[in-house]
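Naming follows writing order (A, B, C and D), and every chain is counted from residue 1.
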Amino acid sequence: MKTSSFPGRYDSLAKVSEFVVEAARDAGLSSEEVYAVELAVDEACCNIIDHAYGGEGKGELNCSVIIDDGKLTVILSDHGKSFDPRSIPDPKLKVPIEKLKPRGVGLYLMRKLMDEIKYETIPHRGNVLTMVKRKHEDT
Amino acid sequence: MKTSSFPGRYDSLAKVSEFVVEAARDAGLSSEEVYAVELAVDEACCNIIDHAYGGEGKGELNCSVIIDDGKLTVILSDHGKSFDPRSIPDPKLKVPIEKLKPRGVGLYLMRKLMDEIKYETIPHRGNVLTMVKRKHEDT
Amino acid sequence: MEISLTEYKRCDVVTVNGRVDSSTAPKLEEALNSIVEAGRYKIVIDMTNTNFVSSKGWWTLIETQKKCKRYRRGEVVLVNVLPEIRSSLDMVGMGSYFQIYNDLTAAVASF
Amino acid sequence: MEISLTEYKRCDVVTVNGRVDSSTAPKLEEALNSIVEAGRYKIVIDMTNTNFVSSKGWWTLIETQKKCKRYRRGEVVLVNVLPEIRSSLDMVGMGSYFQIYNDLTAAVASF
């Protein structure tokens, strides 16, 4: 397990990306899978900054990665506001462009991009998001 | 001196080019100079086919190349109709495009592209065009 | 992320190199707004060297697409979108909002 | 010489690879005539991979230029002309008959 902490600001996103992309490559994921992890983590970090902390510069983004055979686990934690992911409905897709509201695809993307995703609020540790990406059989 | 003969047809032009370009490169000419030789020879061969022979398939294009220090000499000969190059006026340049007649730049180009150019009609040898391209000092 | 702009007779080309995320999307938004505010609504986004686009980036492009398509006065088209980026776009049904070309010349020539 | 044609909304691109001489110019002439006869007078000649053009080749382009510019209905423009080729064109004063672009996209975008 490797862990790194980043200031909860948008300009940390590229650094978080580097950190998880390196781990995803080390885990032997294909380039599509690496991109999936990179995007899911970016969306998750934005949500932490925007919703858990309510803006930039309010708290840390803690990121851990665990590689074990054929899978990568990414754990993101924050000390901001908690929420219940089950209360968030899937976005409406295929809406005519004029009617689109610019929000609400991050969580959906994370679910589609990763194989497992779990959100917990743990006393003293804060909100802990655990996401798993498995290496595809034939890669 | 290397000599080669080609059928007096347009589809010989690429082969004549190959032959003289190789010699021009061997003579150490720069790429601009090589192109100048290639173009002058192409124009000269077209004139032989078009004007000396009056069309394709009427006679041979004989081409010799001589490399000596710092210069390439190309000799083209034919057994067709002779002419007097001095009787041919330079083309009018900078004519408005609507007034341009599509002819009459071949000889002019040959003179501009090469350093020396000589046309003789020699009994038993036919018309002999000798063109020289010198290597520029600083190449 | 680096952006460069080229104004042609009938369209503007925006070349986007690098990452489009929440940190850099505002700069892209600004560039796109400057074009739209100049009354130009035909925009080619050259993504040949774009290696990452988060949903924030897509929203930026979608907001511009809305403005451009209004009154049928123009359109935003994309060029050379990486397969990974494209599949994430399709995942959220946004692929249908953009024409995608494989060739910059063809994209410019479409206007 | 190989020729390929691409018809865009506002212009046609003719890609000419190899040698244009008295042997191959007729094929180029035919291609250009087919475009003009289709009533299309905005033509981009992509010469990126053209390595030789004799005066016969230039006359072919000039005849097409005349037809295209008539009634101001169009124009032939060139892209990426080798320096050697260009200097021979200038030598006979023909350089002034053609706009030359360094970039195919810019040439297409000029129409």
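Heads up, the rule we're going with is that a residue touches a chain if its C-beta (ideal position, glycine included) is under 8 Å from a C-beta of that chain, and two chains touch if they have at least 3 such contacts.
None of the values given here were measured: they were computed from a predicted structure.
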| said: If each hop has to land on a touching chain, what is the smallest number of hops from subunit A to subunit D? | reply: 2
| By CA centroid distance, what chain is farthest from subunit C? | B
| CA centroid of subunit A to CA centroid of subunit C, Å | 25
| message | I'd like to verify one number: the distance from the centre of subunit B to the centre of subunit C, where each centre is the average of its C-alpha atoms, in whole angstrom. | response | 54
| Cα centroid separation between subunit C and subunit D, in whole Å? | 32
| note | Contacts with two or more other chains occur in subunit D at residues none
| task | Could you run through all the chain pairs that touch each other? | result | A-C, B-D, C-D
| message | So in the complex, the part of subunit D that touches subunit B is made up of which residues? | response | 19, 21-23, 52, 54-56, 58-59, 62-63, 65-66, 69, 83-85, 87-88, 91-93, 96-97
| remark: Residue positions on subunit D within touch of subunit C in the complex are 8-11, 13, 104-106, 108-111
| Which part of subunit B faces subunit D closely enough to touch in the complex? | 9-11, 13-14, 17, 31-32, 35-36, 38-39, 42-43, 46, 49, 91, 93-95, 97-98, 100, 102-103, 105-106, 108-109, 112-113
